[in-house]
C-alpha cells in the first residue's frame, strides 16, 4: 500500500500513468467515457457536483457546495462561487443544467442514458442554484452524480474538448495514444493538485505494463495481474496497491432459455463452483469469496446471514439428475472482455465433467462480445464494475425491467423491494430491505457470482498519497488530484 | 635445344568418393610443349581434358586433388606453389579461354570491365592504359567497332564475337601459356572458321605456348602442333599432329578419325506418294497481326516428302530449323501456308488436330535431357503413347515396351530407370523410342545428335536410318552438321534466316551447283587437311555488309545479301531473288544454276 | 521400401538426420502424447502455481496449477496437426492455382496473380482477427486462416517452378501428343515440383507454427482448456522472470520442432548437402 | 541500400525509358489489386458482428442511442452505397471521417504513419545489412564452420515466437539492465536520441523476426551464383575472392535477394502488430486492429490500402532493382 510512512504533500513532479486500454474511441466527453483511461482523464479535467473521496463511499460536495432534498425526489444543489473553466469563463447553473440534460439526448450517446432517464426536470435556480426533480424517490442521487459521466462541461459544448473546471489543463490529446495534462494554476481548491504534469497512456499488454513500471518508464498502472504482484513487490522501489472492490465476473444462466432456465440446473451450477480454487488459482487470493449476490462483505447493506454456497459435487450431481440433464452438452461463452471468464469457464468445464455436465468453453473475441454474445446465449459471462450504491447495482442488473437483467429473471417481490428501498429514509429498514433482496438473488437468480475481484494497481513508491477507493483503480480514478511525488 | 616451355609428368588427379576412398579421374599423364607450339588434348567427353588443362593453373573443380611429379610452366613449378601464390599467376602468366563464352562472361557487367580485369587485379596497368590495350587487341582480333564494343554487355554481341572477346581477355596480359577449352564447339560452322582463324593468328602473334582442348579432330588438325589423345583419363596416344592424323597407332584414335567422315547411306526406295507436303509456310513468334507474326521467322518455306524418304534441313543457328519442325508438329501455329498429311490439310494449331493426326507426326526433340520427364521411368515414358494412342495397357503394353527397347537396342532392364540415370546416348534412344511408340508416318528429328559425342551420335543415326527403311517412316532430319545431313538424307533443304535458299535431291546436292550460302556452309566444314584453314581463310569475304533487306518498293530482297560473296551489285540489292529450278534442285538466287556450279562460281569470286 | 528408407537416411547429412529425428519425435508425441498424459488437460491438480519439477508433476505446473507435461503433450498435438494440416492445405491450393496459372497463362495467370497479391498484402494476423471476430474461434477456422495466409506464398514459389517446367520440352512433347491440361499439370509438371514443394511445405509448416503462436498472443487459438504450444507460452508468460518450466518447455518444444523441420528441409534441398 | 552494392554503371536515360512502361503497367495492376483489397476488406468486415455504433456505445447502449448513432454515421445506408461513397472519397484523395474517433481518417493516419515508416525503415536498413552480411558470409563458407554457426543462429531466431523475443528483450535490456525504455514513447517533442532509444527494442525484435529468412534467401541466391562458370572464370583470372563476391556475384544475385527482401520487409508494416502491442508502439498495425475491434470501416479500409500499397511498392522496387541490375532485362 501507498502511504505507510508519513509524508506530507509537496508540489512538483510529473508522472506517466498507464491503463490497460485505449483506442481511437478515447474521448474528452465525460458522457461517453467507457474505460479507465477515459474516467481518469475526465476526472483530471472536469469536476462533478459531488465526489467520492474515500473508502466510506459517502458523497461529498464538490462543485456543489451543498445539496439537500426533503423528499428525495426534488433535489437542490447550491454551486461554489467563482469557479472558472480553463478558458476563464465562470461556472454557472447553466453549465450544470446543460451537462446533466445532455445525457437524455440519444445523439450524445451517453453511457448513463438509462440513469439520466430519472431526471424528470433539471432547472437552474438563480445563477448558482440547480434544482433536479426525479421521476421517483432516490436517496442515492448525490452518489450517482459523483460518477465521471456526470462531470460538468461548459454549456453549449456538444463535443467537449477538455475545457473543464478540473485540477489539470489539457496539454495534448491523441486518442489511442496519449493524454498529457498540466497543473491548473488557478484550480479552485487551494493547494491542489500537487503534480505538475501527468501523462496518461495505455499499455494493453499486461506483461508490458508491468515491465514498463519495473523499468521506470511509468510510475503508476492499473489492472496488474495477481500473478505479477510477486515480481513487483520483489523490487523495493515498487509496490502494489490492492483495492478490495465489488467488481465481479458472473456466470449468466438465461432463465428464458433451456436448460439454463431450470432451477435445478442453476442450483447445480452454483454448487459446482470451486470458489476457493478461483480465488487462489485465478486471483492469487486477491479476491473475496462471493455468494452469488452482488453486495460484497465490506459494503454497506451486506447481509452476513446468508449461508455461503460451497462446492458440493454430490448435491450438484443430484440436481443435474433431477433436472434430467446428465450428459447434456452446453457451450459457455467467455471472452477476455469479462476478466477471468476464460479461466473460470475452464474450471466450470473441469467440474462439469464430474457432475455429468458436458460444458464446452467457447472463447470469443473481446470486441463485439457485449453486443453479440453477452446475455445472448444460455450461458455467458458478464462483468460488473463496482457501483457506488446497492441501489445502482440492483436496479441496473437485477431489476426485471432492467436492460441488463443478465439472466432475464423475473421476481416481483424483488422489484417491489427495490422501489421501496430507494425511497426509504430509515437506514435500518433500508438495510433489511437490501438484505432481503440479496437473499432472493442468492436463491433464485440465474447468475452465479464466484468472487469479488480486488483491483490491483502497481506504482513507484515515490508516488505518495494513494489509498484504495473501492470504486475503481487509481483511487476511484481520481488519484491525480491527491497524489504527490516525493524524490 | 631449349627446355620445353611446359612440362608435365606423372600427373594424377583424383576425387574423393562418398565412401571416403579416392578415385583417379586423370592418371599418369605426361607431356611437354616446346615454346610457341600448340598442344591439343583430344578425347571423348569425360576423358579428363578440361581437368588436365585446368591443373596447369593449379586449379581443380569439385574438390579434386592434383598431384604430379612435375608441372612446370616456364620457370614456375605449379605443383609446388602455395594456395595463395596461385592467384598471382592465374590470368597473368597463364590464361584460360573457356568453352562457352556466354557462360564465362558475367552477364551483368560490361565487357570492357571484364576484359581488363586481369590487368587491373594484377596491377599491371591503370584503367586508361588497360582500356587502350584492350581496344588494340579488339582491333587485331577483327572485332567490329573495337572502340565501343567494350561498352556492351555480353548478351549484346554474337557468340563468335564473345568468344573472340574472351580471347582478348586471355591475351591482354601477354601470358606465357594460353589454355583454350573447346573454344569453338558452341559455334556455328561458319563462325567457327572465323574464330579458329583469329585464334590461330593471335596465338602465333603473341608467341605464347598454348593448350587446345577439343573433341573434334578436324578442328585440332588446323591448330595443333602436337596432340595428346586421352581416353578415360589416360594417355591413349601422343605425338606430333601429322603423325596422329596420318598414321594413328591406337584403335581409339582410328575410330575417332572414322567418325569424322560419315559414310554415305544409300537412299531408301521411297514410294511415289507424298506423305507430307509443306507449302508456303509463314511463321514466327508473338502475336499474329494481319497474318504476320510480331517476330517473323519463316517466310515461304515448303517441301514435299515421300513415304520412307528423308529430308535434311540445314542452316546455322537461328535460321528457323526448329521453328519449321514446330510448325509441322503444330506446336507453333503457322501464320500462313499449310501442312498436308497424305493430302489432307492439317489444322495449324495442334489443339485442333485430331489425336490420329497428332499420332502420325511425331517429333524427336533436340535436347534429350529436357525432352524426357525426369520424374518418369523409361517404362512410363514409353507406355504413355501406347496407352494414349493405341489403348494398350497392362501386359500388352509391357510387351510392346520391351519390343521398343529391342528396336533401339537397349537392354530391357532399363524400363525401371529414370531418365536421370541414363547416359546421353541412351536418353536420345528413349526419346526416339517414344516417338516410335506412336507408330508415326512422319518423324521430325531436331538435331538429335548434336549434343552427343561423334561416336555415339553415329550409332543413333544408324538406328534412325534402319528404322525408316524397315518401317517406311518419312523423316525430317534437322541438323547444323552438314556432313551428317549430306551423308544421310535424300533431300536437303537449306534455310538461311527463315528462307529456303536451296532445296536439292541428294545427288544434286553432292554435285557442283550450290547456292552461295550452301557453298559457304559446305566450305566451312573443316577438313582433316592441316592446311585447310590457311586456304579457307581467304574465302571469307562479304560483298555488301550492312546492305538493306528491302528494296525501295518494299519488296523483300535476298536475305543472304549482306554476307553473300557472290552478290551482284545493282541486281541483288534491288530485285527480289528469283527461284531457279531444275529437276531435283531449286535455288533462290539471281545467278543461274549454271553460274552457281563450282567451276563458274570460282570466276564469280 | 525399407531399402529406400535406409538409402534415404544414408544420403542425409548429420544435420538432416537430427532434423528428421526431431520432426519424427514431435510427430510421435502428437500422435500418442495425449494417451501418455498423466492428468487431464484442464485439471487443477497443483495447489501451488509455477511449481518446479517434482515426482508428481514431471515438468512442474502452470499458472493455474495444471500439469505442464499433460498440457504440452496435448498442445503439441494441436500445434503439429494444425500446422501440418494448414501447410498441406496451403500447398495444395497454392500449387493448384500455380499450375493453372502456369499452364493456362495469359489472363488466367494475371487474374490469379492479382488475387494472390490481394491476399498476401493484407496482414495475416489482422486478417485472422477479422475472421475470428466474424465467425468465432474454432479449430477449422484456425486451419482455414493459417492455410489462407500461406497460399499466396506457396503460389508464388509454385508458379515460378511451374513456369520453368512448362517451358521445358517434355511438356511440349505431351502437348504435341494431344494430352489435356489436367494430365500435363498432374503427370508431367507436378512430379517435377515435388521436391521443392516438399521443402516449401516444410517451410510453411514452420511459419504456421509461428503464426499460431502469434495468433495466441492476440487471443485467438484453440479453445480452452486446450491450448497449442504457442498459447501455452503465452498464457504462462507472467512466469518468465521466475524461469517457470511452464514457459520454457513449450517454448523449447516450438523451437525444436521448427529447427528440426528447417534442418530437415535444408537437407532435402538439392545442394543443401554441400 | 541494396542498390549500393551494385557495380552496374550509372543509369542511362534509355534504361529509364525502358522502365517507364513497366512502372505504368505495374501501377495499373496495383490499382486493380488495391481495388480488390478494398473489396475483400469491405466484404469480410461486413461479416463482423455488430457495427461501429454498437461498439462505440458499448455494454450500456440503448436501442434508441444505437439507432441515432447509426443514422449519424450513415450506417443505416446499404453497404454497397457506403462502399461506393468511400471509394469515391479515396479516388478524390479523401478517405473520409472515422466513425469512432470523430476525426478525419487522414489525420489519424498521418499521426501514425510516420511512426510505422520510421520503425519499418530503421528495421529494414539494419536487417538488410545484417542479412546481407550473414547470407554472404555463409554462402562463401558453404559447408564450413562459420556457415553452420550462422545457420544455427538464424534457425534459432526463426524458431522463436516473436512475442517471446520481444518479451525477453524487454526483460533483459529494460527491466534488468535499465538501458532502454520498455515501451516506445514516440512523442513529437522527443529528440532524435530519445527516439532512437525508444525504438531500439522494437527494432531489435522485428529484426530478429525478419533477418533470418532474408539471410537464408541471400545465402541461397549467392550460393547459386557461386556455382556459375563466370565465377570460375574470374578465379582463373586471378581475381581475389572478395572482389569476386562483391563485383561479380552480387550484381547477379541482387535480383532474387531483393525480391526475397521485399517480401520480408512488407511484413514490417502490417505484421508488426505483436511488436507494436508489446512496446505500445503507436503504429499502423495496432491502429488497424483498433479499427477492426471498433468496426471503424473507413479507418480499417484505409489501413488495409496502405499495407497493400506498401507491399506492391516494395515488389515494384524489387522488380526495378532486378531490372537495373540485369542488363539483359534492362535492354
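Here the chain labels run A, B, C and D in written order, and each chain numbers its own residues starting at 1.
Everything that follows uses one rule, which is that a contact is a pair of C-beta atoms (placed from the backbone, for glycine too) under 8 Å apart; a residue touches a chain by one contact, two chains touch by 3 or more.
For reference, the UniProt names are B = Peptide/nickel transport system ATP-binding protein; C, D = Peptide/nickel transport system permease protein.
Predicted model, so just to flag it, every value in this text is computed and none were measured.
Q: Using the stated contact rule, I'd like to know whether A-C or B-C comes out ahead in C-beta pair count.
A: Between A-C and B-C, the larger count of C-beta pairs in contact belongs to A-C.
Q: At what distance in angstrom does the C-alpha mean of chain C lie from that of chain A?
A: Computed from C-alpha means, the inter-chain centre distance equals 44 Å.
Q: For chain B and chain C, let me know how many angstrom lie between their CA-based centres, rounded off.
A: Chain centroid spacing, chain B to chain C, equals 49 Å.
Q: How far is the middle of chain C from the middle of chain D, if each middle is the mean of its Cα atoms, in Å?
A: Each chain's C-alpha centroid was found; their separation is 23 Å.
Q: Roughly how far is chain A from chain B, going centre to centre by Cα mean, in whole Å?
A: The answer is 88 Å.
Q: Can you tell me which residues of chain D touch two or more of the remaining chains?
A: 48-49, 167, 171, 175, 277, 292-293
Q: Which parts of chain A, given as residue numbers and ranges, touch two or more other chains?
A: 207, 365-368
Q: In chain C, which residues are in touch with two or more of the other chains?
A: In chain C, 129, 133, 237, 240-241 touch at least two other chains.
Q: Tell me, which pairs of chains are in touch?
A: Touching chain pairs, listed by label, are A-C, A-D, B-C, B-D, C-D.
Q: Could you please specify the touching residues of chain D with respect to chain C in the complex?
A: Of all residues in chain D, those touching chain C are 29, 32-33, 36-37, 40-41, 44-45, 47-49, 142-143, 148, 151, 155-156, 158-164, 167-168, 171, 175, 223, 263, 266-267, 269-271, 273-274, 277, 285, 288-289, 292-293, 304, 307-308, 310-312, 315.
Q: Along chain B, where are the residues that touch chain D in the complex?
A: Listed in rising order, the residues are 54, 57, 59, 61, 87-92, 95-96, 98, 100, 103-110, 117-118, 121-122, 153, 155-156, 169.
Q: Touching residues of chain D toward chain B in the complex: what are they?
A: These residues of chain D touch chain B: 7-9, 228-230, 232-240, 243, 247-248, 251-252, 325-328, 331.
Q: Considering the complex alone, what residue numbers of chain B touch chain C?
A: Touch residues, chain B against chain C: 329-331, 350, 353, 355, 358-359, 362-363, 365-367, 370-376, 384-385, 388-389, 434, 438.
Q: Under the touch definition given earlier, write down the residues of chain A that touch chain C in their complex.
A: Checking each residue of chain A against chain C gives 206-207, 225, 227-228, 230-231, 274, 277, 280-282, 284, 334, 336, 342-343, 345-347, 349-350, 360-368.
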